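Chain nomenclature is as follows: A, B and C, assigned in order of appearance, with residue numbering initiated at 1 for each chain independently.
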Amino acid sequence: MKRTLSLLLTLALLFVICGAAHAEGGAPLKISIYYNDNPTYPFRDDWLALTYIEETYNVDLEIEPVPFSDYGTKVNNVLTSQGDDTPDVIFSQKTSGGIASLALNGAIYAISDNPDWTPNFNARVAEFGLEEELETCRMSDGRLYYMPAMYDIPVYDGGLILRQDYLEAKGFEAPGNFDDLYAILKAYKEDYPDSYPLTTIYDVGFLERMTMPSWGLSLGTYNSTSSQVLSWDYENRAYFAGAISRQYRDYITFLHRLYAEGLLDPEMTQDDASTTLKLATGASMAVYAFYDQIGGWEQASEIEGFRLALYPPLTGPSGAHHMPKARLMNGIIFPVKTTQREDFEQVVRKIDEILFSEDAYMVWSLGLEGKTYTMDGDQVVFSDDILNAPEGITKYMQNAYGCGCGGTQCVFRSALEMFKNKSDFAAVNTEVAAMDQAMQYVPAAPAFDDLTAEDTTLLQGALGDAYAVWNDAFIRGTRDIDADWDTYVQEMKDKGMDEYLALFNQFSRYQ
Amino acid sequence: MKKAGVSKGIRRREPVLDCLTALVMTLCVICSVTPFLYVFAMSFSSGAAITNSHVFLWPVGFNTEAYRTVLAYPHFFRAYGYTLLFAFGGTLISLVMTSLLAYPLSKTWLRGRKTVMRMVVFSMFFSGGMIPNYLLVSGLHLTGTVWAILIPFAVNQFYLIILINFFSALPSEIEEAATIDGLDYFGILLRIVLPLSKPALTTIGLYTFVFFWNNWFYPLIYLKSSQYPVMLLLRNIVNGSASASEGTARNAALSIAVKSAVILVSSLPVLLIYPFFQKSFVRGMTLGAVKG
Amino acid sequence: MGRYWQLYAIMLVPVCYFLLFKYVPMLGNILAFRRFKPLTGPYGVSWAQPPLRYFQQFMGQEGFWQAFRNTLIISVENLAVNFPFPIIFAVLFNELTSVKARRFIQTVSYMPRFISTVVVISILSQMLSPSTGAVNRLLSQVLGLPRIYYLNEPAFFRPLYILTDMWQYTGWTAIIYLSAIAGIEKDLYEAAYMDGASRFQQIFYITIPSILPTIMVMLILNIGNLMSLGYEKVLLMQTPTNMAASDIIDTYVYRLSLGASTPQYSLGTAVGLFNGTIGLVLVTGANRIARRLTGSGIY
């Protein structure tokens, strides 16, 4: 008994040691990193892009892939405690919400304190003409606490995805407004009564995020104003109480209609695999999702002629808009604990170099010239394995080479990104670019001081929870939109909607 | 379990009661077993059969691809390694600490015993709560290390009391004889009391083992993701934030089978050891009325 | 002290451990009255203004009261179902005479107790999946019911919580009653048999009255633990949609602090302290009643 026990214990230890084994080396600069792990391209430490960068720039990146569902929580907790497990660098973050309060309390190193340490980042900002937008990322103390990832031109990388083969077979034109979409869904439901034509990925909030702007709204967990229940009035440049507005009432009425007629999948919270199954088997034919998923879905289906396509945003009561897009996105922060490293300046310079330098971001985006792609004039030509990958270029490059992964790729040049997709992607993007304000700007977060930040957080918790519950009840019809609307508005007011709105407008950067 | 409470000789036949008993017991057995069978069937079925809803309690399109996928996934092994480390390491530390505390406390005449006992009992009723505990563990610089899991749960008050009661019930003559033979208290604990207490130690050891094996919440808040044990990995796979294999896009149709395989493989050791130690487990239940 | 120093030496490390890991966090509750700032230690930077600021904050939150109500309702409903069920199970089990059957049923019905809640909820979500789960398939094919995403429905949260508890713990909890039944004098049954009592009568006039003290103690214990639900399971079952029914105090605290994108440690500590105090009152009250009833306390 004793012997088996000690044997097992040794075995367990061995497992752990083997699992944690890393190439040890003296020379390369060691940097530990929190990385937001996406299950559609799970992190691998043997990704070509990663190993190449490590070798070329003589750096040892100890990347900690954190599952995305726990990422925000983990980041908050290490920033708050700054314990031994605090990484040197945190990817995919910005200083909004709770992080803002942490930054103001000194938990995060301010990038703007030493601008000469980040020459590559500065160069990209100048090149893309992002100076003005970068100003809005500063906190109320006037300092900048993160290096955002950046686009030269926002890319329309996701939206309404439909079964193109079905549309063609039934003679449907590409939908232009939501009535067209309704007609398509309705036709599919008649052909396949057991189906739920429109499904969701992750949760219904994802669909709402991409459709609401056509009603002049942005609400929910990831809304454009980070307020959950407020929306931005683009005409008057001010916040308004979106969650209790007339527009929202119209919007939710539309969604409820889809639900009530069996056009919207009642399983509204589901993972990637579940959505894949539904689309691949024809249980659904429409979804709001990212373009890079299409390849995988087409590959998974055994239906003859199965083809999915991305369509431009549909026209609603407030025009045709996709979710607002900023050219600056989540980026890099340094916990203040890292400043205790003697070689801190080196760490900052190295991170700047391996993420924002011309040579490095090409690797993160396209891989190695000669191996994954070659240049033909100004055209990118990918290698055969990539071109022929059934799940699509983007997804394949993410999984096989670690190229194009959110988090590590911090510079996006849309002309290059277009090569990673089939020609239809460029076509849709051209179409969207020609539309009027298809992707509106993301309003800069208000510059709250520390105490106000605490107050708004408390209000937001209560309001956001209540909104989520009511939103769901309205869609499902467990609450009647007409009969219960006043009760709902009153409840939101009781929870401090007016006060919350006033705070946002008071501290707004657009005065 | 003790023998039947009613001896056979004096039973009347009572069809209603017998039927009721048979019915309820059969239902209970079916309910207990069905979920396991269901997952078992799913894990060996083909993706197509699952997608088209053919599978119920027996595999359809039998294949072992799900298991091969799971076993080819390096993160799964790493997670399994941590689970083994926590379960064995945690149990070992817990047994040592609990014994060291229980032995002096089993001496009713020891001065200060009452104070310590009160301290132990009060901490069963009232605790620091989630946040003070988190701040303590992080203040001790344990977060991100395996000690954050191994140390804070080393003494469970219920098991401590079981062990104190067991030690107290040992005949005092043996200890007296040992004292005459020149053994000190360390010696008595090590050479006499502990060997005599194997049944009790086995019982609380097994409970502790199961606790550490099934633990996922504390690893979630205290550990780095590279140290996650298998239960937390499973939770992340099921909530969609982790994949069960490398490159999920290829295996979408297989994903349910793979989840099922992870469920079974992660529970297997506990399910396997439990029947052999059933008696020890039951003893713990009757000794201390332990739940959860 | 004399030679007993060795005994003190033996328990020195565990006692220190106990003070550090059980009592220091208790003192840490002081954070409920202090303002927490990151990087300035676990006990906050200054006294809250007013001192009960964080208590007033959560008392004014509808979300807190919803969690409070949910905790009570789930606990009471769970008690109403899962307290009597193991007793019924034990009594009926006792009517079985076949040793083989008894052993088989015991092994099978105890097993779920050893399964992690993660596994339980994973299996549950697979079985209830609207697209591929067996339950929806059976209900829609056999009874023609619509496919429902049960795990997401607030109305189904409590039944599912209670059913999974029943599945996991019935057999196991019944052990206590079975051992109480095993302790009943055989003569009682023989005498009843001679008097012509049916087995139903024996159950109602001998078995149940004999195990009544055990039942009472268990009931009191359960009432004492009313505020401490299995929050790990709730956390696993929680979806944004079923929140109205599934948010309990412990998950509320978790969402305020460790699980929050904006951690509010002071507020979370205040809620936790409030909950812990109610729990303490319930347990000591229950213990006092038990002492009065049985002559000795449970602890």
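FYI, contacts are C-beta pairs under 8 Å (C-beta built on N, C-alpha and C of every residue); 3 or more make two chains touch, one makes a residue touch a chain.
Only a predicted model underlies this, so the values are computations on that prediction, with no experimental measurement involved.
Under the stated contact rule, the graph of chain-to-chain touches is complete, every pair of chains being in contact.
For the criterion of most C-beta pairs in contact, the winning chain pair is B-C. Chain centres here are Cα averages; for chain A and chain C they lie 38 Å apart. The distance from the centre of chain B to the centre of chain C, with each centre set as the mean of the Cα atoms, comes to 16 Å. Residue positions 51, 134-135, 138-139, 221, 256 of chain B are each in touch with at least two other chains.
Annotation for chain C: residues touching 2 or more other chains are 132, 258, 265.
Touching of two or more other chains is recorded for residues 77, 81, 277 of chain A. Chain contact summary for the complex, chain A toward chain C: residues 72-73, 76-77, 79-82, 97-98, 101-102, 105-107, 203, 205, 266-269, 274, 277-278, 283, 336, 454, 457-458, 461-462, 465-466, 468-469, 472, 494-495.
Those residues of chain B lying in contact with chain C across their complex are 1-8, 10-12, 14, 16-18, 20-21, 24-25, 28-29, 31-33, 35-36, 38-39, 42, 50-51, 53, 55-56, 97-98, 100-101, 103-105, 107, 110-112, 116, 119-121, 123-136, 138-139, 151-152, 154-155, 184-186, 189, 210, 213-217, 221, 231-232, 234-235, 238, 256, 259-260, 263, 266-267, 270-271, 274-275, 278, 281-282, 285-286, 289, 291-292.
Residue ranges on chain B touching chain A, taken from their complex, read 48, 51-52, 74, 77-78, 80-82, 84-85, 88-89, 92, 134-135, 138-139, 141, 143-146, 220-221, 224-226, 236, 239-243, 246-250, 252-253, 255-256.
Note for the complex: chain C touches chain A at residues 37-39, 57, 61-63, 129-132, 147-149, 152, 239-241, 243-244, 255-256, 258-265, 267. By the touch criterion given at the top, residues 5, 8-9, 11-16, 18-20, 37, 39-42, 44, 64-70, 74, 77, 81, 83-85, 202, 270-273, 276-277, 280-281, 295-296, 299-300, 302, 391, 395, 399 of chain A touch chain B in their complex.
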